[in-house]
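Below you'll find a set of structures to go through.
One chain, subunit A, links the two complexes that follow: it is found with subunit B in the first and with subunit C in the second.
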Partner chain A sequence: MTQATTPSAFQAVKGTYKGVVKISLMLTATYLIAQALSSILPAADYRSLFGFSNRTAVWIVAELHLMFAAFVLGVPIFAFITEIVGVATKERRYDDLAREFTKLLAMAYTLTAVLGCVLLVLFIVLYPKLTGYLSGLFKPTWLLYIVLIFGEVIVAYLYWYTWDLLQGARKKWHLLLGLLVNLWGTALLFVADIWVTFMMSPAGIDDANNLVSLWDAINNHTWMPINIHRLLANVAFGGAIVAAYAAVRFLNAKSDEEKARFDWMGYVGSFIAIAAFIPLPFAGYWLGREIYQFSEQMGVSMMGGSFAWLWILQAMLIGGLFLASNFYLWLGMGRIPGGERYNKFQIGMMIVLTVGFIVWATPRSIIASGAEMAAMGGSHHPFLGLFGVMAAKNTAVNLMILTTFFSFMLYRRGNRIPTVSWATTGKIVQALAIAAAAAVVVGYGIYSYFVPSITRIGFSVYQVSAVLAAMAVFVAIDIPLLKGAKEIGAIRWGQIPARAQYALFFLAVSFTWLMGLMGYIRSGIRQYWHVYGRIMDESANAYTMTHGHATIIVSVIVVIFFLLVSAVFAMATRYDSPPNPRPVGGGDGSSAADAASMSLAAASLGRPGGSGGAQVEAKG
Partner chain B sequence: MSDMSKTFLKVFAFVVATVSLYAYVGQLVPQFEEHPPQKKVITPETPQEELVAAGQELLRGKGGCLVCHKDQESGNERGPDLRQTAGKAATRKPGMAAEAYLIEALVEPDVHLVEGYPKMMPPSMKPPANFSMAEVKAVVAYLQSLGGAEVTVKVEAADVATGKQAAGPVHRGKALMAEQGCIGCHKVEGEGGEVGPDLTKVVERFEPMKIAQKIADPKLWTTEGYQAGLMPPRPDMPEGDRQEIAAYLAGLAGKKYSPTGAASPWSHEGVRLGVVIAVFNVAMLLVLGWARAREKKEVA
Partner chain C sequence: MVRWTFYIALVLWLAILVGLKLLVRPPMPVSVLMIYMTLSTLGILVFVAANEERFQAFVAPLRSVFEARAPKAVQALVLAGIPLLIGWGAWLRTAPSWDAPFEPRVVHPEPPSAFTSHGKRIDAAALKNPLRVGDPAKLAQYTAEGKTIYYQNCFFCHGDALAGDGHFANAFTPIPANFRDVGTISMLQESFVYWRVATGGPGLPKGATPWLSAMPVWQDMLSEEDIWKAILYIYEGSGSTPRTWEEEVKHDKH
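Moving on, here comes the complex of A and B:
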């Protein structure tokens, strides 16, 4: 999908129609292939794929589809926000950045659709009976899904093809398209989540599994928590992948201008990834709580049963993500004049992150020999075992979130000195807000040891609320505090070590692997049920595999994903061309009030007052 | 090799190294496979030792009880220690015998909570455990044996029936017979018309595959005492749906028949899918035509 230099309305519609034809052909082919195979193959409830495990085949394709879907649903969210920031601040670089983000989507859409079609064929052919049941149950949602797919293709392609056409006074129409892309995408996600969450926490069916209420089946216990969890995760994942793309481009950059451009893009991508990642554990708590409310047994299996060890792996991944993101920020401070003032905080933050990481990754039960267990008095270490429970882990992760947030805020303040009269008071209140949140988190963490698990899981809400409140207070003070702040100097975009780009790759790989792992846990806790407690898996693959086996499959999926995404990057780079000079913004967001409301986002994305961008512009 | 290729190789090596590290850590945690619980038939004739052993297996497997309880020194303590339950059962509720209390505690755990423990145990005769009463009694037998008490529980014939349906991919035959109007003329499970023969046990006389064929072509045979030519042929009904009905009727006759479900219900969806595709394509073509005309006008 290439874009003409000066596209007309006809060219834009023509490009969009190509997308519609593409999806029409894919859906038709999918239907015909599924029908043909179903008719030819011998009758069975389950089939294998040429001797290959049906479960593994569906797993790999489903996860790849999900990853690309996450990318194509996540990227438009922040492309749209970046475009709005561009209109509000009247800075062209935001529009160019949003365009660069959107460019990555084109190939990814096609790959997502192809993988989705393959997945559907696999479901119908390998799990005919179950697919038949679910399709019958959710028939209206399938139709809606197909309508939404067409809608999404049309608005997404129009969004891309009309980028240059709808500039200036017509920019508002382009923003409307951006909004529609996101509304359609979110609706697609919500519909797809219906099927998967019903399998986890079925509702709306009678004892014989017949449908009683379609709405109850849709609005089951885990539907909305997973919707929100995935929505946030998609943004975080999309940001991480975009940052990785920028990192590749940075490493291949031939000029200072290119380096500056992709350094900034990498920063924005990682900012989006971390900003969406910070509230993700909170959405995770909500999901966990709903799982417990649906089935205490399922919840306990997930957190304290056979899957408990995978949370140690998750802790390692998230701990790594926190460390890498802070490492990237601290390296980034090197390109901010005045950033060195905050170096003194790095050691303290490093200690909190490392201790938090260690606590979070401490297992409750320790692998030990008989003699060692006898010496410990059981499988739980008398002292370290205290750090293996959720009470300690929740405390650790909340403190790590608070620390990372603080890191971001220092980065944001890097080259600015507040000039308002109440600056000292403001800073003291900000410090108190952080300290109060830390006290609440630690306090409830300790109290958690003395209450049952069902009460304990509720405490996480108070801990999370304290952290969120502290963040809100901090930001609410920070915006007016830095208004009219004295600037020490402009950010030297492009002047960041290459190892910072590897931190971005690490973020992308870890996010992807984490998605694969969490997807396995979510699906795996159904154990030998297709639909938990209702429809049993009677295939040869109904067992829960070893963690080692599962992690190898997750790893294979991640490697395949990165190979495919490399192809997307290569295509995007192939069609790369310098942005066309064009005006940005139609005046809709140009008022002082609008500009003020965008100031935090703009400052966070571009960093102080757009001075870094000015440098890019100047070099361009 | 170009700079771009070198960068790609370096980055790819970094990706593989990071992924390998995670996969390696995955090998370091304890490794075990969990298999679905074995199906075990418990009858009134099952000897007491076997009943106790079956109870232990149910408690550890299908029931998932050890997720919260423990039946030996080490284990979970979210629920009471099961080694003491039988011994204390007689004292829990005044006037209630130990055996009756244990059964109630399994079937309706929220009726009487042991002090100090939260309301969190799922009823054992509901999903996911989905025990039959015979299985509940087997668990009670195991609990009694754990406490060293005499195993008093007895399985009755009525206890053997399984609880709710919760196995295997679902057959939609019953729903389809209602949807397609079959029960307007045929009686099934005591309900329906009498124009055609009662189909509840029809599979005792005909193979399920033949039933599926008969739906498409009623001329294949006519049951004695019923008028030929009344039943409408339904070759339009998807093969999978006909097989579903045959599978349902086979189940009523105590036979297992598990066809694929073939194209169903996707064969219904072809037309709808075609309509959606056509609508969007026509709409886009109209917009394309409008845009072309507008462009020509502007050029002119």
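Moving on, here comes the complex of A and C:
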């Protein structure tokens, strides 16, 4: 998929045709292998894989497939956003960044498809009865899925092959292709979510499990929350992987130009990752609420039952993400002239983040010795137990989100001094917006201990709304506030301590780990059911494994994923020509932040131009 | 101020440790203290490392020790102190103890989708308290009757204040549930509480075992109606309300 010169329309069509042939061959081979194995092997409800657990085999392949699928859905969203930013700001480096990552897609698509085909064969061979039932129930959606796969392949390949062809006046057509790639990808995600969510919260079937309404089966309790949750997570994941890639390249950079380029790339990746990550807990909360509403048993298993301790691991990972992203931003302030003006806020922000992290990670049911339990009067501490419930954790996470947002805004303002006449008033209103949101979050957090659960759940909506409203007010004021602002100096891209890059790498690993862990919880809470409450898992593996065992499998999957992704990156960059340094205009993080926030939040345009920065042309 | 970063960080760390050890009552279990101190350490280190000037000031005393520029006595103290501290920590973790091993418990046992009560198979998802009626007078009457049932049967373990501190409470490990705690019945639907009362300790699920519960199987001693009345009272008496889902009434999908 590499190219040295601008391809013609014929080459674009030829490349796309090859992609279609490749996927057709894969699907045909999958069908033939599955059919052959099904006819050779003796009839059974369950089969094992050469003595290896059928459940673990499907788990590993499904999770890897999902991670690569998240990658190939997340990266085009990332690329599309940065391409739009490039058009809006007229900064070529955004376009180059988008192009560089789109280049990786061909190999990643192939790996995703291979894993998907293996998964399909495993389903048919290892779980023939269940697969037969589900495929019978959802036949139209399977057909739709295949159509969407071909559509996605065609549009994605065209998106890549026409990159240089559709420049200048024809750029709008390329953007349209980018939009189509993402629409198709999102549709694929939504269709795949039908099957998984039906297994969690079945609907549209009668007492004998026969289909009554296909639409009800599709639009089950958890379908839309998972769609939204995964969509946001994919954007965050795509951004985090880009940032990790940039971090590795930064650490291996041989010249200042290279360092500058990959420093900037890491910043853009992390910005998009964190921007998508901030609303993610809200989407997760919606999903959790739907699970509880569908089945209290499932909800209790998830939050208060045997899976409860995994949420402490989740809190550790997400709390770590918050710390790492703030750490990265604060270190980044060191390369922004004028950024030192905001160092004074760091101590307060760190206290909020650490205390929030501590509250979030406080378990409700505490591991304690006999003497400790006797002293506490049970497994719940009379004081610390107050931190173990959702009222405290919601408050903590909202304050951590608000703090991280504030960090972003300070970074954005780093080297600029507002010159508008109403600057002081604007800043006061911004401060009041943040303070008001914090007061609402803390106030409702405390009050929610004294109200019924249904009211308490409603309070979380007020808390979230207050945080989102404060963010909206802050950004709405910030954009005109910084218009025409006086610049103290250009950002010194590349002049950031190496430890900042490890924070970026940590972001990507944590996101991936979280996907594996949360995926296990979501799937595990079905316990001994294939289709919850309807079709029981009668295999020898229908048990809930220990947390230690499960998390080891999740960790092994994460390691395999990173090895595979590293291979994709290594192969895709193997034939890269040495970069040719080429200075371009507009190179500071403020404009990057402007532009990205513009495209994400549909705010007004960032300022084009600017100063500083270094850029090299990416050669595919 | 920045040049004292290392010492400020050290004093802060020690202050947090001492504060958590001395100020939290009853004493914080070691497992939680470990979590809190790990996160506090992380917070301090991240803060220090997030600024180059602070970071350099923080590592300067360490460098002077490990690059042999510090006074010999300080070098000896640090170099001997670190392995001694690690050794002491290892001893604390491995030293024999007379304390009973800890027993991890989940927050709430997982309710079954169906269970048997009074000879009938009950679908937990569809179970509602039939006595939680709209008529305030009737509701008050059922609750008052529930109070009598509670004092005749439950009071001895769950206590006068419904705080899990009845006369027999300390004979059990763990002690009976504290209904005034925000993490117990106010988190649960009445169907869950009915299941726990009706099937007692023996009705607990196999998941996350071993369960330790002295809760009797009340369906053998109380009628269905009496259990529901007692449930009305424990919510009323503890000032809590059962978990409900408004939307279930409006548009139930399943």
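Rule of thumb we're sticking to: the second predicted complex is superposed on the first by the 571 of 620 C-alpha atoms of A that agree within 3 Å, B and C clash if a C-alpha of one lies under 4 Å from a C-alpha of the other, contacts with A are read in each partner's own complex, and residues count from 1 in each chain.
Methods note: a contact is a pair of C-beta atoms (placed from the backbone, for glycine too) under 8 Å apart; a residue touches a chain by one contact, two chains touch by 3 or more.
Please read these numbers as outputs of a predicted model, since none were measured by experiment.
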item	value
Superposition on subunit A - do subunit B and subunit C clash or fit	clash
Partner chain(s) touched by A:Trp330 [first = subunit B, second = subunit C, both, neither]	second
Subunit B versus subunit C as contact partner of A:Ser39, first or second or both or neither	first
Which of subunit B and subunit C A:Thr551 touches, first, second, both or neither	first
First, second, both or neither for A:Gly533, with subunit B first and subunit C second	both
First (subunit B), second (subunit C), both or neither touched by A:Leu317	first
Touched partner set for A:Trp223, first subunit B, second subunit C, both or neither	neither
Partner touching more residues of subunit A, whether subunit B or subunit C	B
Which of subunit B and subunit C A:Ser24 touches, first, second, both or neither	first
Partner chain in contact with A:Ser8 - subunit B first, subunit C second, else both or neither	first
First (subunit B), second (subunit C), both or neither touched by A:Tyr161	neither
Candidates 6-14, 78-86 or 222-230 of subunit C: the single one with C-alpha clashes against subunit B	222-230
Residues of subunit A that lie at the interface with subunit B and also at the interface with subunit C	295-297, 300-301, 304-306, 309, 363, 367, 378-379, 452-454, 527, 533, 544
Residues of subunit A that touch subunit B when the two form their complex	8-10, 12-14, 16-17, 20-21, 24, 27-28, 31, 34-35, 38-39, 41-45, 124, 127-130, 132-133, 135-136, 139, 142-143, 146-147, 150, 154, 207-210, 247-248, 251-252, 295-298, 300-301, 304-306, 309-310, 312-313, 316-317, 363, 367, 378-379, 452-455, 502, 505-506, 509-510, 513, 527-530, 532-538, 542-548, 550-552, 554-555, 558-559, 562, 566
Complex contacts: residues of subunit B adjacent to subunit A	3-4, 7-8, 11-12, 14-16, 18-20, 22-23, 25-27, 29-37, 64, 67-68, 74, 76, 78, 117-118, 120-122, 126-128, 130, 164-170, 172, 174-175, 239-240, 243-244, 258-267, 269-270, 272-273, 276-277, 280-281, 284-285, 287-288, 291-292, 294-295
Residue ranges of subunit A in contact with subunit C within the complex	201-203, 216, 220-221, 292-297, 300-301, 303-306, 308-309, 319-320, 323, 326-327, 330-331, 334, 343, 346-347, 350-351, 353-354, 357-358, 361-386, 388-389, 391, 449, 452-454, 497, 499, 527, 533, 544
Contact set on subunit C toward subunit A in their complex	24-32, 35-36, 39-40, 42-43, 46-47, 49-52, 55, 97, 99-102, 104-113, 124-125, 164-165, 173-175, 178, 181-183, 186-189, 191-192, 207-208, 240-248, 253-254
